[in-house]
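For reference, the structures are reproduced in the following blocks.
You will see two complexes here that share subunit A, one where it goes with subunit B and one where it goes with subunit C.
And now, the complex of A and B:
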């Protein structure tokens, strides 16, 4: 056991921690922007509207994130039409492919959380809104969204944690995230225990920070 | 506590000597992602130069060969964790690795080279490589070489060389560096490979590339290393080596004696 190698190579881990943090944060934010409208539209009764959303959610929840990342990173590179277009400027970057895969994946899962929360609205609240003479849009904005998003909070904090852990696969497309850093250190010193233990501790710190922040937030919600 | 240590020591000793007498079964770690040395076929079997050499050595030693597929990253840790007894995976005998494991004498020696799109400019200087993307397999001697010599380049590290070749074809990296024989059959001879070629000289600096590739063994298994050395010499002498070499290469891959 020799933990001095972790101290010697701390800049790899710092770089990895930063990469994991911004990659996950950015994909969660972009995913949320997709998820809220997608979740709302998914509750629509018109198949022309909910059909495509259903297909999107079905695909991204139905296949492993790793497969999605490979499809976007290696799969897209196979098509000359994309390689010759302006799109290639983005798709040639590993970080863009990872960001895209993570965003679409978390977007699908979060949309399902939003849909579930809306489906489980107490009927009474909706009837009360109707009795007040609110339009459908007003009901959505004033009653459905605030109530359901608050109820979705615990489930969403789980999604964030899954995303932090799921992001460990970014390393397979050359990104140096926390796991990527551990791989480089392991490759240099042949010390998998030390290298991956350090990575595990960093992931734990990230996860518990998220849990702590959500606890604070949920508490505040209850006071209102 | 003292008793326990003593017991453990006796046990290890007994176990060690029991194993030292005969190697009825030798387990080799192989990679399966480095043609023509080691490649995974469509049906899941692994074939290649390394595999044939492993089988020939076992035959020479009258031992049963068990081949265990292992990702390159975890090769040396897996050897130390006794998942297998030797590594036959075109592993260069380098100073760094000798700190952790022993090596047999070399069983092949192939220079490393860069490859790039045909007609690409190339200079092996840190200044020229500034901002250039170089693809390499993580934890190889080439990884160490580019990390030490071209710190201003953007080095992309892959789990296997096949992935690096894919990204060179896709244009995500400007250069890749690997064993020249691997580049020939894994990149240049494959579909679309005609757009690429070697650039720069053959690289053999022993500081990074050691003195050829050997079979890595645990330091405590000196007897196995010795037996494998004898077996390598034997298959070199009796023509088996040449037969295997000619199956995969049109040139000599052993180098100087």
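And now, the complex of A and C:
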């Protein structure tokens, strides 16, 4: 057991921590931008509107993130049309493929959270909005969204944690995230236990920071 | 003859095969306080909810201040209003107080009260706040204005709901069993606020089980039975000399 190698190679881990953080943060943000309209439209009764969204959510929630990443990173390269277009500039980058896969994945899960929260909106509050003459758009903007997004927060904090942990597969497509850093260190020193334990601790730090922030927020929102 | 504030003519409402209202006529003039009584299932809540079109009548006419709510018979959806804009505009002049309070739980007490004035009626925010504070003072909850509904008791919630209703300066206030979900010791506070409102000449339609309120406060009582008006009149008359056997039985069992 020799933990001095971790201390010697701490820069690798810091770099990995940074990569994991921005990759996860960016996919969560972009995913949320997809998820809110997708979740709203998913509650629509028209199949032309909710059908495509249902299919998107069904695919990304139904298959492993790793398979989705491979489809984008390896699979897309098979199509000459893309290889010859400007898109290839992005798709040849591992970070772009990981970001895209993570965004679409978390977008689908978060859309489901949004949909559930909207479905569980207390009927009486909607009725009150109606009775006071609000239009459907006003009801959505002023009552349904702020109310249900707040209620969705505990479920969303879980999604963030899943995303942090799920992002460990970015290392498979050459990205040096936390897991990637551990792999490099292990390859250099052949000290798998020390290398991956350090990675595990870093993930724990990230996870508990998120949990802590949500706890703080929930304390402020104890009334809901 | 003044134009009635609310005029309901031959109102029918069915849910699938179940006809809940079988032809109701009702007129409310400015300042009337009409209590609507009846056993559960008699259609009294449905009647009230038809006035602001929370329920769509199957047939009949509703006029608010002489303005007919235009209805059409849609092939696919059945009877429905011609113009949702008209319905929204009329709703914004009525105000409803619900049995289950139905406050918006993500908004604080004062935000609940200013929501409709600002966003539906277009009242400037500052003005709406000043008025909301006065209304909360009036229902005895000014010191709770920054609380959230989840932090209040049922009676407090219902008084906030009444302040929310008053904030839109409604032409008619619709009360749908406002005290039925309350613990007995909290009923009094809500009823005394409603009593005040009646005394200052508000037009109110009240679905209730509170016989004392119906008898002492309202200017007219309507007793529904199986979707029809079984008995109606001034409370002092019909409570003393009910013509309907059913109403006689109803008041003897309930109070």
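In this text, the second predicted complex is superposed on the first by the 222 of 224 C-alpha atoms of A that agree within 3 Å, B and C clash if a C-alpha of one lies under 4 Å from a C-alpha of the other, contacts with A are read in each partner's own complex, and residues count from 1 in each chain.
Note that in this section a contact is a pair of C-beta atoms (placed from the backbone, for glycine too) under 8 Å apart; a residue touches a chain by one contact, two chains touch by 3 or more.
Nothing here was measured: the structure is a model prediction, and the numbers come from that model.
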Superpose on subunit A as described above, then tell me if subunit B and subunit C fit or clash.
-> fit
Of subunit B and subunit C, which one contacts the greater number of residues in subunit A?
-> C
Who does A:174 touch here: subunit B (first), subunit C (second), both, or neither?
-> first
Mind working out whether A:190 is in touch with subunit B, subunit C, both or neither, as first, second, both or neither?
-> first
Determine, under the contact definition given at the top, whether A:128 touches first (subunit B), second (subunit C), both, or neither.
-> second
When the two structures are overlaid on chain A, which partner does A:116 contact: first (subunit B), second (subunit C), both, or neither?
-> neither
Regarding the shared-chain residue A:77, is it in contact with subunit B (first), subunit C (second), both, or neither?
-> first
Expressed to the nearest 10°, the angle that the Cα centres of subunit B and subunit C make at the Cα centre of subunit A is 160
Scan A:146 for contacts with subunit B and subunit C and give back first, second, both or neither.
-> second
Should A:138 be classified as contacting the first partner (subunit B), the second (subunit C), both, or neither?
-> second
If you've got the overlay open, could you tell me the nearest Cα approach between subunit B and subunit C in whole angstrom?
-> 50
Take the contacts of subunit A with subunit B and those with subunit C, and give the residues found in both.
-> none
Which residues of subunit A touch subunit C in the complex?
-> 122, 124-125, 127-135, 138, 142-143, 146-147, 150, 223-224
Subunit A partner, complex, touching residues on subunit B are 73-74, 76-77, 80, 100, 138-139, 143, 156-159, 163, 166-167, 169-172
Sort out for me which residues of subunit A touch subunit B in the complex.
-> 74, 77, 83, 88, 92, 94, 172, 174, 183-184, 186-188, 190-192
In the complex, the residues of subunit C that touch subunit A are 52, 54, 88-96, 98, 100-106, 115-116, 119-120, 147-151, 164, 168
